[in-house]
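Each of the next two complexes has chain A plus one more chain, namely chain B in the first and chain C in the second.
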Partner chain A sequence: MEQIIQMVINGVVLGSNLVMVAMGFSLLIGIMRLIQFAHGEMYMLGGYGVWYFSVRLGLNYWLGLILAVFLVAIFGIVLERYFLRQFRESLLPAVVVTVAWMMILETGALLIFGTESKSIPTVFEGVINVSGISLSKERFIVSLMALASIGGVLCFMSKTRAGRAMRAVAREAETASLMGVNIASVLRLSMIIATVLAAAAGALMGPIFTMDATVGVSMSVKALVAITLGGMGSVGGAALASYLLGMIESFTGSLVGAEFAMLIYFVTLILVLLIRPQGFFGFEYKL
Partner chain B sequence: MSKEKVFFPGLAGVFLIVPWVLPEFWMSILISIMAMIVLTVGFRMIYSTGRLTLGHAFPVGIGAYTSALLATKLGLNFWLGLLAGGAAAGLIALILGYIVLRIGGIYFVVITLALSEILIHFLVWAEPLTGGVTGIVNVPGPAIYIPGIGRREFGYNLFPYYYLIFAIMLVSVSIMYLMERSHIGRVFHALRQNDLLAEHVGINITAYRVLAFVTASFFAGIVGSFMAHYHHYLCPEDFHVMESLFIQIYTFIGGIGSLSGAVVGPLVIISGSEFLRVAKEAQPLLYGGLMLLVIMWLPGGVITIPSLFQRQRRKGP
Partner chain C sequence: MLTRKKTLPFCMLMFAAALLFLILLLAPPVPAGGFQKELRLGTSLPLTGPGASYGIPDKRAQKIAVEELNRLGGISAGGTTYRLKLLVEDNKYSTKDAVATVNKLVRDKGVKFMRVFGTAPCLATVEFMNQKHIINGSLSSSRKLVSPKYPYTFRCYNTSYEVLPPLFSWVRKNMPNIKTIQAVVMDDATGKAVGDALLLSSKYFKFDLTVHYVPRKTKDFYPVLTKMLAKEPDAIYAAGGSNWGLVFKSAREMGFKGQFLASTFKSEWWEMVGAEKLEGYVHCEPSLTSELVPKGLRYYGKAYIAKCNEEPTGLSTYGYIWIHALAAALKKADTVDDVEKIKRVLETETLCTPAGTYVFGGEEFYGIPHQLVRPGYITQIKGGKEITIEVIPAAEVFELLKKVYR
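What follows is the complex of A and B.
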């Protein structure tokens, strides 16, 4: 019993690791109609940024986090403005461009910072112990933050004017623009939100999971699985699917081994795509 | 089009005489270039039916492991293994293709990505059979039996390997070229332009897509089998998604629009990075940058550079 609860908790932590990346990824697909394969690299950049500012330069962890997220967000704006905007709705060239950025960022990080993985000292010491089930304080707080970010994004999308404009563009960009929505600023805003979420996830998860340069690609692939399950373009679906995948990874990982867990992961993905390609919560986008 | 009739035989002639002209070092590079050309031309054929695959290393891996396992576990002859590798890759492509090629757009991209991930994780997981992460070592090289002279091992001499992959490239690229020039190629073109319309005028769109997929995978399997015996060694990491991305990059930089672009891509980039002595670790960075430049400012690829100058000359006074 205790083992099962421990596995559930691990699943929640793994899901929290994924959810902030997957939500932004899904948002970008809905609004920009392209798959941003370099999205996982934003997670990597966030983690490396925190490592650089707090370990290499010796700044405060939180100051480093803010600096890293800020810089990555600026990079995201540049990326959107000069490399992604013109490939909106042209699927295959967009794959090529974002894959190129993925390779550039990963190899760049590898060449500049080396192959060894970076560990960031934790800021929250201590372990929470409830009747034999233990969870480090750090994992607890970070999972809460991930949950808060889901609430924040969903609230923003449904309650604010800008969020409604974003949903309108996701549904019908042309009509939205006729109704007076500034498409360019919606694109920029969605890129900023997605990038900030991914970079913050990397910065927060850096102390829990070690960072290395290849983490970006595996994050992109995992987030891709999550948003396919949740329905491409659906932010809430992506959040639910992330936790589902976290559970799958945690349970199969501790019951039958990590390699087999990955096999199940991808077989699930292909089955979902064959049976219900629009995912379980998605709108039917023509992608 | 008439340019291609000069270009391809000319290039084949150059490949034929290179081993006698250039030092042995270049032979090993040209072997990997020729193997890559088979893959990029196949990749382009799948793309020409309107499907982008990010998992073209998948059939290569199937072919390589099939033939290497047959050779090391059952002691099968290399030449049969070569065919078996291609056949296995083609068969799997046939079965998967009929299911998977119906789904278009980004979903197909994701599926092919997932398939190549599944292959890697499966190869690592099935360690008793495939040797896990370390892979299979001591894959025997090919041998040939010449009447009157006797059995000759290829061993570590590059010459026979060079001409073997040259023959494989010649046959496979010719077949794919002829397919493109025949009515099949025109059907592929129609599929990419508007598959709904193509279906409505009575074309079995899935069958034609499967044809492209199976042909490309068959030749990819043969190349994989060749590479396994040529390197005498293989491991799951050789068929990583990154390898598929390289195939895509070579094709796009060369020029996805024509078959000669897919031939020129690997030739220019692999030999170029050897000339510049780019470190192996920095290659993805350089290739990624090049790919960005090409897709942003030269959408037709390197192959269109000569025609750019021609147009300017015509415009001039």
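What follows is the complex of A and C.
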């Protein structure tokens, strides 16, 4: 029984590692109507950013996190405005551009930061141990933050004016424009939110998992699986699917073998798509 | 006006000048430092990607050895003095890039002496190098590579097959409370070889050992550790990439208080894991500051720190040893061209080098004496430092291997 509870907790942590990236990815698909393959690199840049500021420059970790997220968000704004906006709803050019950026960012990171994994000192020391079930305080707090971010994004999308505008653009951009919604602002805001989520995830997970230049690609692949399962453009669906995939990875790793995790991921994806091709919550943007 | 008497010496002078000019034009360039020729050594190793944390130190180690040898006058063989030049290519630990880089070094650059790093790259290139009679001081974990089928491939690296018996023998003697071991290794060619060696050694030393395989790039070890720790092992053995320090960090977080065992240690794990969590950790690489380790290797450790501003890995000593062993073999064979003679020297002679004294043996296990024989090292982390606490002589290691793999 203890082992099962431990596996569930491990799954929540693994899901938390993915959920912030997947939600941002889903937002971009829903609103920008393109698959941003370089989105995982924002996670990587967030992790490297906090390493640079807190380890290399010796700043406080939280200050380093804020700076890292801020700088990656600025980069995201530039990327959206000059490299992605014109490819909205154009599949092939968008794929080419975003994959190119993925390669540029990964190679750039390798050249700048080198090939060694970078470790960031633990921020929250200590372990929570309850009836034989263990979890580091670090993982516990970061998982809580990830859950809070889900709530934050969903509240923003449903309760704020900007959020409603984003939902309107996701549903029907032309009509939203005619109703006075500034499309350019909405696209920029969606990019900011997505990039901030991904960079913050990288910065928060950096002390737990270390950071290297190749982590962005694997995050993009996992996020793509999550949003496909959850339903393209569904932020809530992406969140649910992220935790489902976290559970799959945890239970597979503990019961079968970690080397089978990716296999099970994709088998699950295929099975769900066969039964429900639009994913859990379909293509249109929904909460 | 030139008279007949004056023209003859003038013509002779002009002729001598022209002859001298021709000789200088046609004479081969003299390498800097007074060497007569240059001898190219090639190395294909991972400088980017997941294997880079092992490949980069090996490259540096080889370069340090080459620079040392050149400072000492290079290699004299067959009446010619050679300056060594190391040509380096990045194989990214992939078979495709390994083939491309080895082709480039052998075909385009005319290299006859190679060091290929990595099990998959070695397996991908061994047939080609065999055909071309290229002497390869490989670093790979696969038993297949040291074989009469590949008479030009040597292994300048002690695999898990060589290091585990001395380690397990030491654990049996000094930690009698350890009965069960859970091991986690990579699910690639190297990891499978490590897993095989673990099972063979544990069978002989009667440890109850289970091996778990995870992808090399794994960062979250909680899932596999949940499975491992459910068995309440006395020790955890881990062998993987540079981020595998997370195995030890996560194990301590999950409440594991037992012994850590491994084949190596990486200096970045101090920060990644914390000195406290690593206390008591035992591995099989020499600590290059320990008095028990040969002087030549300690010198190498200092040279590495001076040049690279960081500590060398224990694994990188093999790159240093290979260059010196090869240089010693070339000197003894007194040739750089007769590959068969050089190969015989490597197989049969004791090679005295600045890095220590080495032989290639292992005919009993591999059918060909192409496995580096070196002492077994037991190094333990105590008080935040790596200390080599025991050195098992090479002859004793070999006797042990005969018993374990009988």
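As a convention for this text, the second predicted complex is superposed on the first by the 279 of 287 C-alpha atoms of A that agree within 3 Å, B and C clash if a C-alpha of one lies under 4 Å from a C-alpha of the other, contacts with A are read in each partner's own complex, and residues count from 1 in each chain.
Methods note: a residue touches a chain if its C-beta (ideal position, glycine included) is under 8 Å from a C-beta of that chain, and two chains touch if they have at least 3 such contacts.
Given the structure is predicted, the values throughout are model-derived calculations rather than measurements.
In the superposed model, A:259 lies in contact with both chain B and chain C.
In the superposed model, A:192 makes contact with neither chain B nor chain C.
When the shared chain is aligned, chain B comes close enough to touch A:95, but chain C does not.
Shared-chain residue A:110: touches chain B and chain C both. Contacts of A:8 after superposition: neither chain B nor chain C is touched. When the two structures are aligned on the shared chain, A:35 is found in touch with chain B, with no touch to chain C. Contacts of A:224 after superposition: chain B is touched, whereas chain C is not reached.
Contacts of A:269 after superposition on the shared chain: chain B is touched, whereas chain C is not. Overlap of the chain B and chain C contact sets on chain A: residues 110, 257, 259, 262. Looking at the complex, you find that chain A touches chain C at residues 3, 6-7, 10, 13-14, 17, 110, 115-117, 119, 121-122, 127, 129, 132, 134-136, 209-210, 212, 214-215, 218, 249-255, 257-259, 262.
By the touch criterion stated above, chain A contacts chain B in their complex at residues 35, 83, 91-93, 95-97, 99-104, 106-108, 110-111, 217, 221, 224-225, 228, 232, 257, 259-260, 262-263, 266-267, 269-270, 273-274, 277, 286-287. Within the complex formed with chain A, the chain C residues making contact are 47-50, 52-53, 56, 187, 212-215, 217-220, 222-224, 226-227, 230, 242-243, 245-246, 253-255, 268, 271-272, 274.
Those residues of chain B that touch chain A in the complex are listed here as 47, 52, 54, 99-100, 103, 105-107, 109-111, 113-115, 117-118, 121-122, 124-125, 241-242, 245, 248-249, 252, 281-285, 287-289, 291-292, 295-296, 299.
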